[in-house]
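In order of appearance the chains are A, B, C and D, and numbering begins at 1 in each one.
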Amino acid sequence: MTLPELQASEWLNTREPLRLADLRGRVVVVHAFQMLCPACVSHGLPQMQRLQQVFSPEDVALIGLHSVFEHHDAMTSAALRAFVHEYRLSFPIAVDRPGQPGPLPQTMRALGLRGTPSLLVLDRAGRLRLHHFGAADDLALGALIGRLLGEPPSAAAVDDRPPPTGEVGEAAGCGATACAVPGR
Amino acid sequence: MTLPELQASEWLNTREPLRLADLRGRVVVVHAFQMLCPACVSHGLPQMQRLQQVFSPEDVALIGLHSVFEHHDAMTSAALRAFVHEYRLSFPIAVDRPGQPGPLPQTMRALGLRGTPSLLVLDRAGRLRLHHFGAADDLALGALIGRLLGEPPSAAAVDDRPPPTGEVGEAAGCGATACAVPGR
Amino acid sequence: MTLPELQASEWLNTREPLRLADLRGRVVVVHAFQMLCPACVSHGLPQMQRLQQVFSPEDVALIGLHSVFEHHDAMTSAALRAFVHEYRLSFPIAVDRPGQPGPLPQTMRALGLRGTPSLLVLDRAGRLRLHHFGAADDLALGALIGRLLGEPPSAAAVDDRPPPTGEVGEAAGCGATACAVPGR
Amino acid sequence: MTLPELQASEWLNTREPLRLADLRGRVVVVHAFQMLCPACVSHGLPQMQRLQQVFSPEDVALIGLHSVFEHHDAMTSAALRAFVHEYRLSFPIAVDRPGQPGPLPQTMRALGLRGTPSLLVLDRAGRLRLHHFGAADDLALGALIGRLLGEPPSAAAVDDRPPPTGEVGEAAGCGATACAVPGR
């Protein structure tokens, strides 16, 4: 399964918008978050920063996706910029384009994200290999990335089953491990 | 030293504004924070929640003070309400009244706070007994509160020296342990 | 309730054996542990080291009590010395005197300890004010010590009820929070 | 570089001694530790337990190597068995055979280990691909294992340079991150 391009109203930490198609050849990690999602702040974003320390940007491209599905008036572009500054996030971040109608932004809806944090990992050929909702384990995530890095960019033999989807037992709203979209 | 009343433009988690004068007889802990201050989110606010679990509200009154001195357009009242909801903060929170002119809000200026997180502890007689900037240690904070709880409300023999002031070695801006007001 | 003297076959980190009677005037914290008790190593002993940093030895006397009730041949005096060296423990430690007959050492039996870690806190007059089995919270422990430090050494008005006893839901053997003596 | 077989005086958690030669086809992680090495207890052994949860034993073989180079009389076989029981370690553990003469056990000497914790990772063909002294990062370790899992067992094209060696800045003795062999 190939991911559609991210629909962003704005990008931070990059001079130009990123296109997944241009990142072919690299492993891509997309971390969907909200700045007011406690588990994103305590776990997901620090994990992205650790990924940044461990992997070369030529091997692994990191993208934050700010997918606001609640408290839209609090998590504005200005607020996100302040947040990114104070938390010293330096990887590229796409602001998910607001949806019409409804609270879910466009990329979140297109990708079927269940809430935040969500982690999507694409192989060198651009295929979705992990779609995880909730906190992801460092060892398991590292192992997946390591395995994908070892695959040739144009590997044809990869199975085409839908990627494993992490499960968290959260009701709608934010809990200790995630913020869930109601009704998903 | 007696603390002047908090200058709040708004209160959360309480039906009526709190007055320090009305809290005489209890130990009072005031935690000055900003919702985008990383050390407040990772250390100061969780400590307030632990205080809430350990002490009876009849013994210890807890007050959050949202003292925004930077990123004013990001840390609005609406944003704070969303933050308080998502982080499940249930103790009373005063929104520090904006200053005129300058970025420092009024209570922050009046109290001479050096940044966030700052912790102020008042004894049963309303006297300031700790003014700490940066992360405060649980054991030391617990010991101070325990000692103050053991003092009679009208103790006259307390020394009148200025309270100990915690020091953090932060430059202006937010670091791992605090956000410092420039020039303090 | 006054505590009987500790029955020690040996003391570490002190030139002379300590007697509780000689420590009157100070708050005394006794931490019963075993070097192979995981919760003692991860929580109890680091807490003793934090107590050592926060409180003056003239105010608070800290004593470790190595109460071995299982794996006696593994937790020998020689092993304890190596452990104390590697973990850089510098507070006085009493080696609980082996019991005859049965696996429980003498002080452990005399004090009715339910397992390790156990925390005993004595006030300045030598009365037992806390008897806690399992991990103790820093804020609550600090508050108790602070309160006791504020009491006069010969306070007569202290209630004489048995001290609160912490409860942990551990079966016999070692779990995440404690090692429990079978049948207690 | 192929690793010589581990010289063990005894094995725990396995009915028969393990031979590295028999593990060809799997990735092998050897964790050298001492039961009284603080960094092994707080970091290295929990990491082995996380590895056990994340990877299938058919993919990754985990081996503990108890390489005692100090406090030999404290870290006996009986003590290790008690330790393994209390910490609930269930992966196979080899007791490094005592050296003659000198304090270093035989496998430790043969492998040139600098202290504990040390982590050795072998690929499916039995070649040493990581030799790390000190705490290893979960993401980086996961990535290496993932990459090795993706390699065919008989890959011929692997470079033959010595594996990267982690460096820790520890003097002899035990510090926060490792126990170092004197003079290495």
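Here, a residue touches a chain if its C-beta (ideal position, glycine included) is under 8 Å from a C-beta of that chain, and two chains touch if they have at least 3 such contacts.
In this text, all values refer to a predicted model and were calculated from it rather than measured experimentally.
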Q. Just how many steps, at minimum, does a route from chain A to chain C need if it may pass only between touching chains?
A. 2
Q.
Please identify the chain with the largest separation between its CA centroid and the CA centroid of chain D.
A. B
Q) Using CA atom averages as chain centres, what separation in Å is found between chain A and chain D? A) 35
**Q.** Approximate Å spacing (C-alpha centroids) for the pair chain B, chain D
**A.** 48
Q: Could you check chain B for residues that touch two or more other chains and list them?
A: none
Q. What is the shape of the graph in which nodes denote protein chains and edges denote touching chain pairs (line, ring, star, complete, other)?
A. ring
Q | chain C residues touching chain D - in the complex, by the definition given at the top | A | 36-38, 41-42, 70-71, 73-76, 78-79, 81-83, 85-87, 174, 179
Q | chain C residues touching chain B - in the complex, by the definition given at the top | A | 47, 50-51, 54-55, 137-151
